[in-house]
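One chain, chain A, links the two complexes that follow: it is found with chain B in the first and with chain C in the second.
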Partner chain A sequence: MRLVVDLNRCQGYAQCVFLAPDVFALHGDEALLFSPRFDEAQRDRVEEAAAACPVQAILVDYSDEPTRGAEPHVG
Partner chain B sequence: MSADADVEVLRREGRIVVVGASLAGLRAAETLRDKGFTGSLTMIGDEPYEPYDRPPLSKQALLGRARAEDTALPRRREIDAEWRLGVAAEGLDRQAKRVRLANRDTVPYDRLLITTGTRARPWIHPDEAALDGVFVLRTRDDSVRLDRKLAGSPSRVLVIGAGFTGSEVASACRERGLEVTVAERGPAPLVGALGGVIGAVADRLQRRKGVNLRCGISVTALEGDYAGRLRRAHLSDGSAIEAEVAVVSLGAIRNTDWLAGSGLAAGPRGIACDAGCRVFDVNGIVTDDIYAAGDVARSPHPLFDYQFLSLEHWGNAVEQAEIAAHNMICAGPDRRPHLWLPMFWSSQFGVNIKSVGVPSLGDQLVVAQGTLAEERFVAVYGYHGRVIAAASFDGAKWLGFYQQQIEAAAPFPPEYGTVDRRTETLEPVDPAFPDPHLPTHGPTVTLTGHSPSERRVEFVPSHA
Partner chain C sequence: MTPGTITAQITDYANRADPYPLYAELREQPVRREDDGTYLVSTYYEVRNLANDPRLSNDTRNRPPGYARVGHPAEETGLPPSFIFTDPPVHDRLRDTINRPFGPPHSPRFLDGLRADLATVVTELLDAFEGKDQVDIVEDFSYPLPVTAICKVLGVPREDEPRFHIWADALASSLDPRPGGDDGQEKAQRARQDMGAYLSDLIETKRRHPGPGILSALAPDMTPADLEATAVLLLVAGHETTVNAITNTTLTLLRHPDVLERFQKDPDLAVPLIEEVLRFEPPVQFVPWTTALADIDVAGTTIPKGSPVWLMLAAANRDPKRFEDPDRFDPDRKDNEHLGFYTGIHYCFGAPLARIELHAAVPELFRRVKFSGLLEDPPPYRTNAVLRGPRHLPVAIEGLTA
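So, the complex of A and B:
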């Protein structure tokens, strides 16, 4: 599963960090670091985090349509 | 057939080609399908990978939080595209409405969207750039290679250029416990994007975190050993430093070379387009079948004297792509303007740096909240007596407010009271931007003049 955070929107409320600590972390007081790829096992937590984000900055995959011709993901 | 009927035919069975398969290209493709485009969609990209996110490459990917290979962008929807990846576009024939690829294939289009973005500016001497240990950082592959090299605990990393990317690399190296020297030609880090007053804060921050920061200095030569490995760098003050790794962070070059001879207004500062993302030709006549979006585009903005802005910003790529996609398949009166307010972020040395507006247009600056000394503040930039930009260090929650102030052309200095204001009266100071004719390194806003072909700023590489 892929995700991205719009860090222009992010204001460091850190709700995602509480809800999915394996995927989101604060670096210092305010800067958010996220894991752009996460395991299926984290899916519920990440979706909860996306829903709870006060500024709705988290975008999670809506489609797993294959990208034909792309070099496959390794590992 | 009326023009409106043409648009209906285009939406139903037209051929749209997107050159540049990164953030802007992907979001444009999704928007086209969202808006009901059912024709054929071709995505052309010079890298062999599906669209991926670049900001993590200098942050998470160097901090061990994520692998550069894992930065593929999430999809908003299915786009049913034909992907032509790993092959660059090499030319454009506007008469025949065809894109020529590096493998000699040609791809015909009814509407073309150009989202070719930028590439890292390479080190000026190609033979030195080829030394083992000399890196740039722009792509997934760059990040993988740099991360692997840093994992080998090099004795010292030299970062050339203290713009945002260079500063983020230096930050990651310090967190990894590596010795870092940063060489910056300007008087302070981030000076091109935020000016010397804020640059001085970044300067203190870097030194406090253990960076050996050398400002007002340029690297004149990189020297290798007998086996072609980087061993030292020579500086403009006559000194030299030993380093196993050099990360060249001298900003970006817009990928417009492939448009040479196409007759479009494309050059080193980007591709000129109108506020509706339609590309100009060299005569200043707007085309109606070619659009541009993202880092490669430059377009006029009413809030900033209608100057053509070129923006290397993540948010701009998304927004401009959506506008371009909408306008590509709409009749004239339904088209929308791209009036995005420039906005970006950087995280480095544990501090969240954000900016909104165009700081480099500012002729005055006040610290409206917090203090520079605490490295936690909001600085507001004024231009001709109105608020034109704001920048924050760990103050992101306030920027939405200043965004409204900029959009409303609120008076400067600000007349309202603010939270965490430390002085009775706000004393405006000169924000201390360097001469705009001198090159700067940070991914930020570039004012590129009032005409489609004008170029005010030109990069002049320093020679040894």
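So, the complex of A and C:
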């Protein structure tokens, strides 16, 4: 599970840091830091954070996770 | 305000259950002047631009004499306005200070740390549904949770919570622009004083014996008057708005059985669904306390310096130029940059707490309770047009899962 933040869009509202503090952090008042990879335990929090972003700058990618991304190869 | 103006219609209780046709009418003229010189702005991009425009003030003392000075305690009280009714640099100084024990960068885990406690409260509230065939979602569920949440944030002892219900009600109704009648304003002033007296005692206690919550953390850094104003603001804002958000989500889901059915099969739908309710039925419908500090040109109209400006968030959230098919409740909507929590420097301070409460409440409510339907639709609404929401939401229930 991966995520990317479009830092050109990010305006430092920090909603993601409140909702998923183990994945996102503020350095100083505005610079956003984030872990581009996160594990299952953080999934709900990351979903909340991405949806909450007031400028919709967070993209979450599940393509490396067979149950949610592309259908696993069958047979 | 003269009867017949659109502001009179918006504040008219008869339109409370469904103000959206009025908002659609408003959007036909994105910037509209009322006879008393108030300007209403109702389209998405214009609202968003103005909310981010430093020439628009949240300090109603910038209005000429004769206009309502929302948010400013009468001079004889000696109380300062809370930070929502201030501008930079005072605003930024206060908000940064208050944020220090509340959120990042200094306290990024404070609210996340409340999740387990809030989940416990939700469980207790839902356990009490056992054996009932009808409940009032407002009284029995939406109302108690935010009181507990905000008291935990501030560090107010739980046994004092019932008093806050009464004070918060009186203060919230004072934000409501109503034609005629200062009764609400007087009641609000009294409630503010009573609550203020209680809080200054509590702040003094916290100063001497620090405990959990942000009041203890802030006591050394703020004047007692500023801290008291902040506590009042957070209590009022934490109550009414979150109550409405939880209730509106329940109401909207029960009105959309197709979405409800999907949600029950796929609890992950909670995340986009909650954001869509914040667009579709925002708990703060409009912001009637801004003032132009200079002549501002918006969409071909000049708003003159000193004019009261109402930013119509609920109308902007249904602007077809921004949201496709805006009157449709659609949790699959992409790019949902709604204005439910406002935008710019006054973006809702409590938004993350509200979201944490919604995520604690909504999925668990619909996982555990089997609903048979609304008992009244539309439900009875509170009088408030700004902090709009049902006063009661009676629903029939068939059962409760553990």
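The working rule: the second predicted complex is superposed on the first by the 63 of 75 C-alpha atoms of A that agree within 3 Å, B and C clash if a C-alpha of one lies under 4 Å from a C-alpha of the other, contacts with A are read in each partner's own complex, and residues count from 1 in each chain.
Assume a residue touches a chain if its C-beta (ideal position, glycine included) is under 8 Å from a C-beta of that chain, and two chains touch if they have at least 3 such contacts.
Please read all numbers here as calculations on a predicted model, not as lab measurements.
In the superposition on chain A, contact is made by A:15 with chain C only, not with chain B.
Contacts of A:29 after superposition: both chain B and chain C are touched. Among chain B and chain C, the chain that touches a larger number of residues in chain A is B.
Look at A:60: by the touch rule set out above, it reaches chain B but stays clear of chain C. In the superposed pair of complexes, A:4 makes contact with chain B only, with no contact to chain C.
When the two complexes are laid over each other on chain A, chain A has residues 25, 27-29 in contact with both chain B and chain C.
Partner chain C is touched in their complex by these residues of chain A: 13-15, 17-19, 21, 25-29, 44-45, 47-48, 51-52, 54-56. By the touch rule above, chain B contacts chain A in their complex via residues 48-50, 53, 55-56, 59-60, 63, 65-67, 69-80, 82-86, 314-315, 318, 343-345, 347, 349-352, 354, 394, 396-397, 400. Interface residues of chain A, counted against chain B in their complex, comprise 1-4, 6-8, 10-12, 25, 27-37, 59-65, 67-71, 73-75. Residue ranges on chain C touching chain A, taken from their complex, read 96, 103-105, 108-109, 111-112, 268, 271-272, 274-275, 335-337, 341, 343, 347, 351-352, 355-356, 359.
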